[in-house]
Amino acid sequence: MSDGTRPHQRRPLAIGLIGVGRLGRIYARDLSSRIAETRLVAIADPLTTLAQEVAEEFGVPRTYPDAYALIEDPAVEAVVIVSPTHSHRDLVIAAAGRGKPTFCEKPPALTLPDVAAMRAAIAHAGSFCQMGLMRRFDPGYASAKRQIESGRIGTPLVFKSTSRDPFPPSLEYADPASSGGLMIDMGIHDFDLARWFMGEVRTVAAIGGTIAYPELATVGDIDNAVASLTFVNGTIGAVDLSRSGIYGYDIATEILGLEGTLRVGYLRETPVMVLTRNSVAHDTVPYFMERFRDAYTLQLQNFARNVLDELPPPVTIDDGLEALRIGVAATRAQQTGMAVTVASV
Amino acid sequence: MSDGTRPHQRRPLAIGLIGVGRLGRIYARDLSSRIAETRLVAIADPLTTLAQEVAEEFGVPRTYPDAYALIEDPAVEAVVIVSPTHSHRDLVIAAAGRGKPTFCEKPPALTLPDVAAMRAAIAHAGSFCQMGLMRRFDPGYASAKRQIESGRIGTPLVFKSTSRDPFPPSLEYADPASSGGLMIDMGIHDFDLARWFMGEVRTVAAIGGTIAYPELATVGDIDNAVASLTFVNGTIGAVDLSRSGIYGYDIATEILGLEGTLRVGYLRETPVMVLTRNSVAHDTVPYFMERFRDAYTLQLQNFARNVLDELPPPVTIDDGLEALRIGVAATRAQQTGMAVTVASV
Amino acid sequence: MSDGTRPHQRRPLAIGLIGVGRLGRIYARDLSSRIAETRLVAIADPLTTLAQEVAEEFGVPRTYPDAYALIEDPAVEAVVIVSPTHSHRDLVIAAAGRGKPTFCEKPPALTLPDVAAMRAAIAHAGSFCQMGLMRRFDPGYASAKRQIESGRIGTPLVFKSTSRDPFPPSLEYADPASSGGLMIDMGIHDFDLARWFMGEVRTVAAIGGTIAYPELATVGDIDNAVASLTFVNGTIGAVDLSRSGIYGYDIATEILGLEGTLRVGYLRETPVMVLTRNSVAHDTVPYFMERFRDAYTLQLQNFARNVLDELPPPVTIDDGLEALRIGVAATRAQQTGMAVTVASV
Amino acid sequence: MSDGTRPHQRRPLAIGLIGVGRLGRIYARDLSSRIAETRLVAIADPLTTLAQEVAEEFGVPRTYPDAYALIEDPAVEAVVIVSPTHSHRDLVIAAAGRGKPTFCEKPPALTLPDVAAMRAAIAHAGSFCQMGLMRRFDPGYASAKRQIESGRIGTPLVFKSTSRDPFPPSLEYADPASSGGLMIDMGIHDFDLARWFMGEVRTVAAIGGTIAYPELATVGDIDNAVASLTFVNGTIGAVDLSRSGIYGYDIATEILGLEGTLRVGYLRETPVMVLTRNSVAHDTVPYFMERFRDAYTLQLQNFARNVLDELPPPVTIDDGLEALRIGVAATRAQQTGMAVTVASV
């Protein structure tokens, strides 16, 4: 993976990776072998067998069962946090306390006070913390952002975004106590895009329910929702979320501007069409790893370059805080049936 | 134009057409020359020069400045009403009083009491009145309906629909006093589809504003809106409407079901792609006449066949009433910022 | 059907239609009810019951078992010939002898001497004869032509065209003695486009065989073929033809120019997509009547207008002759395995 | 890069890479960091500064100006040859003599006797040599192959393939003395696909010329060509090649079968659509590295796995020989205007 520019002619950044679950494992591969600007020098995971297996696979010299020990490791120059969300707050605060540049996967935490605490610690330490919101690094979304900034579609007026998973999560994963629920777990990406493309959100209203997978109701999650957004600048938006995409993983966003419209997203994974009697068909994108494989890598590469070049993070804890705030507001709006002013939550 | 089946072996239905504006003129052509089951025997329009011009073009023997005189004409077996919305109520009631089968273009009227009066007159007379909601006759929408009924996508869960005009209406047209405003004028089609595909709507919430064309605010209309729908059966939906589509006329609907999804709509008008340096491009659908040309014809043909075969109308005044009711509710919801229970309006 | 311009303010042209088979019936509808510039006043077909049935359906006052009687009918101002190919020569010559403007469906005849005789008769009489090659009136092909003429893609360099039927013809139809065989029956359209877009063809080479439907070999036809073209101006082309398209009726043409490329054609008939587990699918164009419905109508309208306005035919007997000449050359090339100089046949 | 399966639990294969030009540099990255099964231990290139630069970038311990010295290096377990085509013969023979498994980029050589000599050396040594024809490893082409083998489209009847570069090569590169000319340099991929999907080619006829870039004529190359293929099993095909694609890099292949059709290829690079007044547009694939990035990596990974697992090469020197033979025949056919029997060259 490369963005096509020449690599930095310097020693790569020594990374400690916290968490090697589904996504963490992908990050391990990226940090160890696909990104020229990084070396993966340590892995922490309470599942020690898993940590050792991943370390062996990617030639990582050290593993820790305790993430705080990894943060203390002097060989670790920067920290990448992909552990479960509930652990983010204390880990980010600890890394900030050690002055180590940190990348933290979304969501920053599940409650606004937790993120406020993270924010305060980062500000106090004057340390570097980049939030993981990978869609901003997807070539499609990045192109849309550039085109909007260049005036290609005039003033953005309406934001629409759809996120769909092809199958429901496990009940354990879906439990809002750990995932934040549909509006936060899945919606945070769309709410972040909403802010990025349009500006701050003023109000959010939402409807939704457990209409596809009744079992999700047992843990208190919903599986389909529509959120309506009004922005501070007077423009409007709609986000629809589904855990019952069925046909595939489908992430699509549209920005309707005064002079044109941009659409980001695609449905076909393999470049082959099958034509049979009265039918033309193709496959779909299986899941987020296939859709955002390059975005994840580009995001980590961007993190490493920002640290090496002493640039500020392009996606900050504040971005994480504000996207979460919309998610919290959307959750409340869906539960109460009333529009919620985002600044009030 | 034909739906491919063999024409009726009988005398065509003698139609009187009321209103020969933009759409009325298209209907004149269809009724006089594209539909085997109809003859156009009379035209009424207060603009007598226009009426005579259209009559001459399509070989129509009689014209009337007064629509009621046309209804009285014994040569007129059935009435097609495409005059301005404010005239619909009295014309439908008059035609019902005469026992003449009537086709009435959407919206039935601008207020619910007006439609209730129409409904009562039709019921009292036991006469035939078919509402014009042409999307139901579009091959794409009709195919989607058939596929849903056949179980192709399982239980429908989420309804999404987008309507966009490529340019703003005249202020005269947009004036909610005559058009009903964006939610009724444009949204009635999407609200009708919502009912057709999903069932009755329970609540509607809406946001919107005059964000593209400030001049529309001078007559009290908005140009962009998003409405969220909850259905009586627990499913949900979103409709977004825009008078600033810019790129073209774009009507797109999606029904997400438990086992699959249907998408209706298309963007390209002419079957030619232009490939130039780093670009692949095609044109868009200019406007509603291009998009729904066949649907309009199939709808009138269906009307004529139903009358000739003494079948009940597949789209009734009640359908018009309920779609309007959602539009009225959506308008109120947008103006108050509160969700509105549709049955309460 | 209309091209959007206002109709001629004059008496429509009185047409006599010869042949009411598959395509003739469509022409009957167009001439009687979809084209403002024509009236259908007489039908000739040796199948008298069929002729009467069609006449009744479209309100045509007169039928003839004998096409020559129709040509003599003083009420017939212009003649449209859609009878079997073998009859074209004598009918065109008879109509020319009577000085009646004639539209003749492709191919003009099956042999070059026959067409030469037609050409001579037309020239001698100084009469009007327009060849039916409807693709030139398809909005996609017409747009491509205009864009090439406007310089949109620079000098055309390579021509590619594909024609595919979704199922094999009957043996009776396929018999080269009546159809001319694959290269003429189907290829004449692509060869005409080749000339229209690129200029005259210098040589043609071809391969092909009866590889899908062995039964076609019994009448001497082939079912798949590829023809390579060199043009007098030094450019090149390829045409592939198939009677085993299976998935649908597929007509696609590409012109590669020095500064860009044009592609004409499409596969989807109904504007609905079906998304099911790991699949996105849509239907295909069933057959030529669906694909070229508008082109056929626009072509006949153009014919009527040219006659009424005393304009020369845009598609002449010479165009038919030259397209046939390429078809004859391609047939010979396929049978001998040697490239054939078109001017030599 | 990964094909999703778990990596081999063993020591990676130590690779020596010969040639670090445009493609060689990509291979260096893949072999050193994207493929778990390989280590890159040595680089050879006569441009010593370049070799050292690439070695430094990817942490490769040794560089050689002389490729034969690299082959002799005992640390090199397997050899990857991406040097200019004229060097392939002797390098493959040398590597075979040393018994070192070899991957050789296409084309194997520019003359059939050269490839025959390579083939003989490999056979004599009983050594492993895998040809580089990366399209076979593209997910689209690989899927098409699997679907054909599974009977998805029935018996393949017609093969069509298009290759287009977006800009002309340098005269130095295009010179047939080094590139083999259009039919070999570019066509070898399509001819290989033809064999892979359809079986052996019996005859090839071809037309072509220097019609876009006259300067290419100065070195004796052509820039556009069409080749017609007949296969031993009676089926047919067409390949068109262009150095003047202009709009982008376009590789598209179609296999028409008795029961369906497969189409491989795509045009859009970035997943964003731009909709402006009456236009929908997207970008195109810039060049081969973007189109086949994954295929190149999967191909080298496949090579490493085959060597490690002692499996035979799936793409052999014979495959290279036969694809080249068709290219030589097509070149001769284009130059003589006569169809050429492939087995005769």
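Points to keep in mind about this one:
By written order: A, B, C and D. Residues from 1 in each chain.
Assume a residue touches a chain if its C-beta (ideal position, glycine included) is under 8 Å from a C-beta of that chain, and two chains touch if they have at least 3 such contacts.
Remember, predicted model here, so these are calculated numbers, not experimental data.
In a view that ignores chain B, the other chains are joined by touching into one piece. In summary, the interface at A-C recurs among the listed pairs B-D, A-B or B-C; the equivalent pair, sharing over half of its contacts by residue number, is B-D. Averaged C-alpha coordinates put the centre of chain C at 42 Å from the centre of chain D. The distance from the centre of chain A to the centre of chain D, with each centre set as the mean of the Cα atoms, comes to 38 Å.
Multi-chain contact residues, meaning those touching two or more other chains, occur in chain B at positions 246-247, 259-261, 268, 275-277. Listed in rising order, the residues of chain D touching chain C in the complex are 157-158, 160, 164, 203, 205-209, 211-212, 224-226, 228-230, 234-238, 240, 242, 244-247, 256-261, 337-339. By the touch criterion given at the top, residues 1-2, 7, 29, 33-34, 36, 57, 138-141, 143-144, 147, 152-153, 259-266, 268-277 of chain B touch chain C in their complex.
The residues of chain A lying in touch with chain C in their complex are 246-248, 267-268, 275-284, 286.
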